[in-house]
Amino acid sequence: MSSFLAKRLAGALVVLALVSMMSFAIIWLVPGDPTAAFLDTSATPEQVARLRRELGLDKPILVQMVDWYGRVLRGDLGHSILLNRSVTAAILERLPVTLSLTGFALVLALIGGIAAGIVAAVNHNRWPDQLVMTVALFGLSVPDFWLGIMLILVLAVQFGLFPTGGYIPLGDDPFGWMRSIIMPAATLAIIQVGFIARMTRASMLEVLNQDFIRTADAKGLKRAEIMLRHGLPNALVPILTVGGIVAGALLGGAVIVEQVFSIPGVGRLIIGGILSRDYPVIQGGLLFLAVIYLMVNLAVDVLYAVADPRVRLE
Amino acid sequence: MKVESSNLGISRANPAWQTLSRLFHNRSFMIGMSLVVLIAVIAVFADLLSPYDPLRNSFRTRLRPPDATFWFGTDHFGRDILSRVIHGARISLMIGLMTALLTGVVGTLVGATAGFFRALDNPIMRLMDALMAFPAILLAITVAAVLGASVTNVVIALAVATTPHTARIVRASVLTVREREFVEAARALGATDLRLLFRHVIPNTFGPLIVRLTYVFATAILAEAALSFIGVGPPPPAPSFGSIIAQGRDFIAEAPWITIFPGLAIMISVLGLNLLGDGLRDVLDPRMRV
Amino acid sequence: MKRWMISSLAAMGAVVLTAAPDAALAQRKGGDVIIGMVQAPPSLDAQVTSAQAARNVTLHLYETLFARDENAKPVPELAEDVKISGDGKTYVFPIRKGVKFHNGKELDANDVVASLERYRKIGASASLLKAIDTVKATGPHEVTIGLNEVQSTFLDNLSSPRAPIAIYPAEEAAKPANQINYIGTGPFRFVEYKPDSHVKIARFDGYVPNPKATGRDGLAGKKEVFLDSVTFRFMPEAGARNAAFEAGEVQLLETVDGPTAKRLEGNKNYAIYKVLPFAFQVIKFNHAQAPTGDVNFRLAVQAALDMEEIMGISYPDIYQMDGAWLYPGAPFYSTTGTEKYNKADLAAGKALLAKSGYKGEKLTFIVDNLRPNIDTATVLQQRLKEIGINVELSVADWPTVSKTGFTPTGWHFWVHGYGIEPYEGPASVMAPWVNGTSQQKKDDKIDALYASLNTAMDEGKRKQIFTEFQTHMYDNAVAMKAGNYGLFQVATGKLKNFKPSRIPRMWGVWLD
Amino acid sequence: MPETSPILDVDGLTTVLTGSKTTILENVSFSLRAGEVLGVVGESGSGKSMLALAMMGLLPKAIRTASGRISLDGEDLIRLPADQWREKRGRDLAMIFQEPMTALNPVMRVGAQVEEVLRRRRGLSSSQARKVAIDLFHQVEIPSAEARLKSYPHEMSGGMRQRVMIAMAFAADARLLIADEPTTALDVTVQAQILDLLRKLQKERGLALLFITHDLGVIADIADTVLVLYAGRVAEVAPVRQIFDDPQHPYTKALIASIPKIEGPRDRLVTIEGNVPTVGTMPRGCRYAPRCPYRRDICETEAPPLRPVTQGQKVACLQPFGFPQLQEEAFL
């Protein structure tokens, strides 16, 4: 198992190096001068030169790249010109917000998706199956931000059940946090519920057709026991393998959902950076999310090895 | 899928015919196909179908709720939402289709190269892994913002985000196909690598690829809307589903119809494509799930 | 000129919609107010930043020699008065005695000299003081400034709130940019600055008000503080700001969107204020390119456009139709020369277009992704299509657009707001067109008018010069003003005697 | 062998494809006593696995029992509610499957899979279950039993896995064991070991064993009585000696003739010409008729009943009794 993980870790490090290079390279895709974002039109050439120096744009590209790697390794993602503070600090401050949103959405998606998938698989080709699959397909087909707007319109504006947006930290007021997070998390989860429900159903159907389920049946185990002790653990293995995809999709979705619900998370920070050309924020933010994604995938690999003993041998 | 000995011509035994026949008996495929054809017809004949000029603003008819004159209401320019949604289908579908095609071409080349030339496999796939580490939608937003708002740039941005996964799928099928007997046979007969790749390997990866591209099409329509919502979508005034929603956002409380109808249009289009993809998957690539 | 600078608050013409302050109500000392701000100030070193967000805070902490009154006219603040020599080149400022800094030190001439010298070196709008030759302390409480040349707008510049020429204690003024202690003479003193969270200021009990002032008057006047403290909380997300406001966490929002304002309007717990005009909506032409360099083409566009349609769609709830290049009520305000404003005459447009060299080529309208600006561009595009002009929109983020917009290529039209310039006065309104900065081609007439405005010490003459400029803007369609737009501010109904302005002033108000 | 009442008595068991009249098993009857081994033999497609599943009540959804009785200790299982039948499984009747690779849960330790039966069906505590499981592993001759409990199925050889399956089947002290081709998937040498093990345990415990195989060689080793199944019908039942010494049904004869004379792989009966008819293409009369060298016209229209020929031997063929028509024909 450790050699399996060592291999994965080595692979992740290679990808990480590439990812940070890509994050860095974004500034070079920009047409025109990145300093334009931060200076008035009346800026003197000296001011432009000073800013270029601050951004490190005056050095040769290779030096810039080495600088970048050096700083990234120290956890320094640069200095946001717009926020006038460290990008790392700004991201870390918003991270709990994004993590609580995506974490809550992940829990919703897993519970909803797996439960729906099991219901569908157990009732294969009967109405609960068809209902679940239809709803799942709609879930996969609805634009998340639009769904968010509709939820705001109906639940917040019409019925006043939830705030129209904003975020209350969990530590400040747990009930308020719940109220502020439930619509965004549901919006974020809906696509994944559809995805996971379809995955779970397909996986369960495949597992339920396998011989060891018949063995369990021959042991005289109760149906629920068979499903939960023998069916589900096996069905979850392929679901775990898409855990990384789900995590990536949730992080991406959070960028949009934070925008819809005015949640001050990492995604909103990056979008703000993109729209105002605050390159350190874009570079640092992209790299940061990619690192989270890679870490989640590594965690998925570990879980995978735990869940499926066959993997450990490979 | 290739017809090896077709002395029977088109007959019931013909694999292509069988595939078609299985598709026509697949409920997902047929429902999905009907929806997609419906939207496509609307997009193609937008000029004939839309009751008004989708760009024509009229100060006097602004923010009208849906009624007999304006079935879907009007936006804050006084433009007819129904006409805009009908024309929006054109741009949204075009972006989706172009993205699918571009992704298909690039993904096939990248994936086939990685799968076929083993020396290139690792570097190429690590690069794809790195691209996939960024949330796809954020990658698309960044690329679109950096390149500037235009239909072409939106397509490029979306293709950048959807290509890695596509390349991975193509690579996987290339890896299976390249071990098959007919490839070995062709190689034994002296076919060059490139000829093998283009004549024998790539055509045999089309099944999974078509399924994937159908989903890319659907994803691209959703993503275009998200890009427009963020403000880096195709530029106004030509409507896309996403840009109509984006423009309605400031008026969501007083004029929700601006937002509701294009959202439904997206849902129907994407639903159709997803169903189509499910049907194609069942028939062309039964091993692939969800 | 930047978008976030534009989103500042206009003192003039502010209209109170509801909850008119009732001066008869008992004033009450105490209480804390939290203001929801769109952006965090990049710095609290007032001299080195022209950001609106900084101004909102720093104008409570620091004062200037001269400051703008309710009508944006420069009046003495830390200076007692000014004596201007006959040749207009020497300004003698007697400094008010007994004024205390927050650290207890008394203000003297050395502080003023050090502050002005610092501003000339590192001030964000150092060009405001570019006419200065020498600054000298000519007495313990007297400062004399010598100018290189006559500058009629010198007092306007000295009192500009753009990047305030704040007076610091001499020892602070000796420090480099952003490294000072935040010590001024203002009615509030600095308490804390948590980056990305808030700035807190508290009442300065040692404040010495201007004895000549009688009441609240713009950024000058009597500054009487009732509140214990004011916290400026940075909340970039509109939804979060609105939610916090409705939850009572925040007592004042410097800006809210129209729909929210309308939604809150009926509620007795809130007071909605309109700051109108807040800025001009201006459509610029690139004179360095064909066909927008062609006066007949520009006149054609000017004649054809329906400005009411543009303003009504772009700023549905808060706009004003006015062709003058100053805010109504401003000293030099006049409608002379604006006859060509808002003609909405397609036929005339067509006729003028025929005289131009336009051949139907595609023109580029660059616009940032602010909805009202996109709307303006879209309405213009559709309107011009009717006379056969083919316009294409190029939408991008503000930095990209503003970068392109100050180069001679890559654009034909550009739209954005001018907020602070009309507030500053005629010279600032003219300045963007001097040297062809904004239209990308030198306009000798404007340059000449600007020069003579600067040297004309006679007010009647200056007014005439400005009217001439305004007429020139229309006769040559240098650029097109579509109208004035405003913004909404909301406050809790408990905040009494609040009067909206470009800067949310926290003196003279109290909590009920 | 003492004459006791049979543990299992199957009478006229008929299963059909749900929603149709197509029969899978037709009128199958036999009985089985404690300590007795009934070998069920037939080619693939003969319905022998269906028979095993029908005993267990584990028929696939598409197939249901149409008529007949399956009496276990005089209690008709078919008429029991599903959950009561479930109660019997693992406790009164147990089953060993053909594929030890797939019949074990891949993500569960084998010990846990055995202990599960002990805890659920015999109500043992975890520690008791563990002890018993170790004991069972010893009984099925799994070396270093204690350590092996912690193994996952993929870490074991096919033979070992099948031993685990056997341990599992014996865990609940069932009196009837159904073994569906338990050795088919194994190497020849391992086959013999497993067979010996099964025999030994069966003898020790006095189990009734229903042993299903396509391999007559295996039948000869283990069975007391043999039931030959063809296309869902019983072709012949007889004590094992009689089957080999004096087969009556032409199909039985063909099967015996097809046993390779020398030791070698015995995985398929390839020497009988033709195939077992598939569901839906069943001949009207005798289902073996299309392949039968003794076929007469009447065979194609009339299904022969199962009739005793000698003591304990029954056959479903007209031939051993002399075809009435044949004699007539002979005169022609």
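Each chain gets a letter, A, B, C and D, in the order it is written, and its residues are counted from 1.
Everything that follows uses one rule, which is that a residue touches a chain if its C-beta (ideal position, glycine included) is under 8 Å from a C-beta of that chain, and two chains touch if they have at least 3 such contacts.
In UniProt terms, the chains line up like this: A, B = ABC transporter permease; C = ABC transporter substrate-binding protein; D = ABC transporter ATP-binding protein.
Just so we're clear, the structure is a prediction, and the values are computed from it rather than from any experiment.
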item	value
Centroid-based (C-alpha) most distant chain relative to chain B	D
Dominant interface by contact count, named by its two chains	A-B
Innermost chain by mean C-alpha position	A
Cα-centroid distance, chain B relative to chain C, in whole angstrom	48
Whole-Å separation of chain centres (CA-atom averages), chain A against chain B	23
Centroid spacing, where centroids are CA-atom means, of chain C and chain D in whole angstrom	94
Intercentroid distance (Cα basis), chain D paired with chain B, Å	54
In chain B, residues with contacts to at least two other chains	145, 148, 231-232, 252-253
Multi-chain contact residues (two or more partners), chain C	369, 397, 400
Touching pairs among all chains present in the structure	A-B, A-C, A-D, B-C
Chain A to chain C touching residues, read off their complex	32-33, 36-38, 40-42, 82-85, 89-90, 93, 163-167, 261-264, 268, 272, 274-277
Footprint of chain A on chain C - complex, ascending	1-2, 40, 42-43, 50, 125, 127, 195-196, 235-240, 242-244, 247, 369, 397-400, 402-404, 406, 437
Interface residues, chain A side, partner chain B - complex	11, 14-15, 18-19, 22, 26, 29-31, 137-138, 140-146, 149-150, 152-153, 157, 195, 198-199, 202-203, 238, 242, 248-249, 251-253, 255-256, 259-260, 267, 270-271, 274-275, 282, 286, 289-290, 293-294
Residues of chain D touching chain A in the complex	56, 58, 86-91, 94-95, 97, 99, 102-108, 116-117, 120-121, 152, 154-155, 165, 168, 172
In the complex, chain C residues that touch chain B	257-259, 262-263, 306, 308-309, 312-313, 316, 369, 371, 374-375, 377-379, 381-382, 392-397, 400
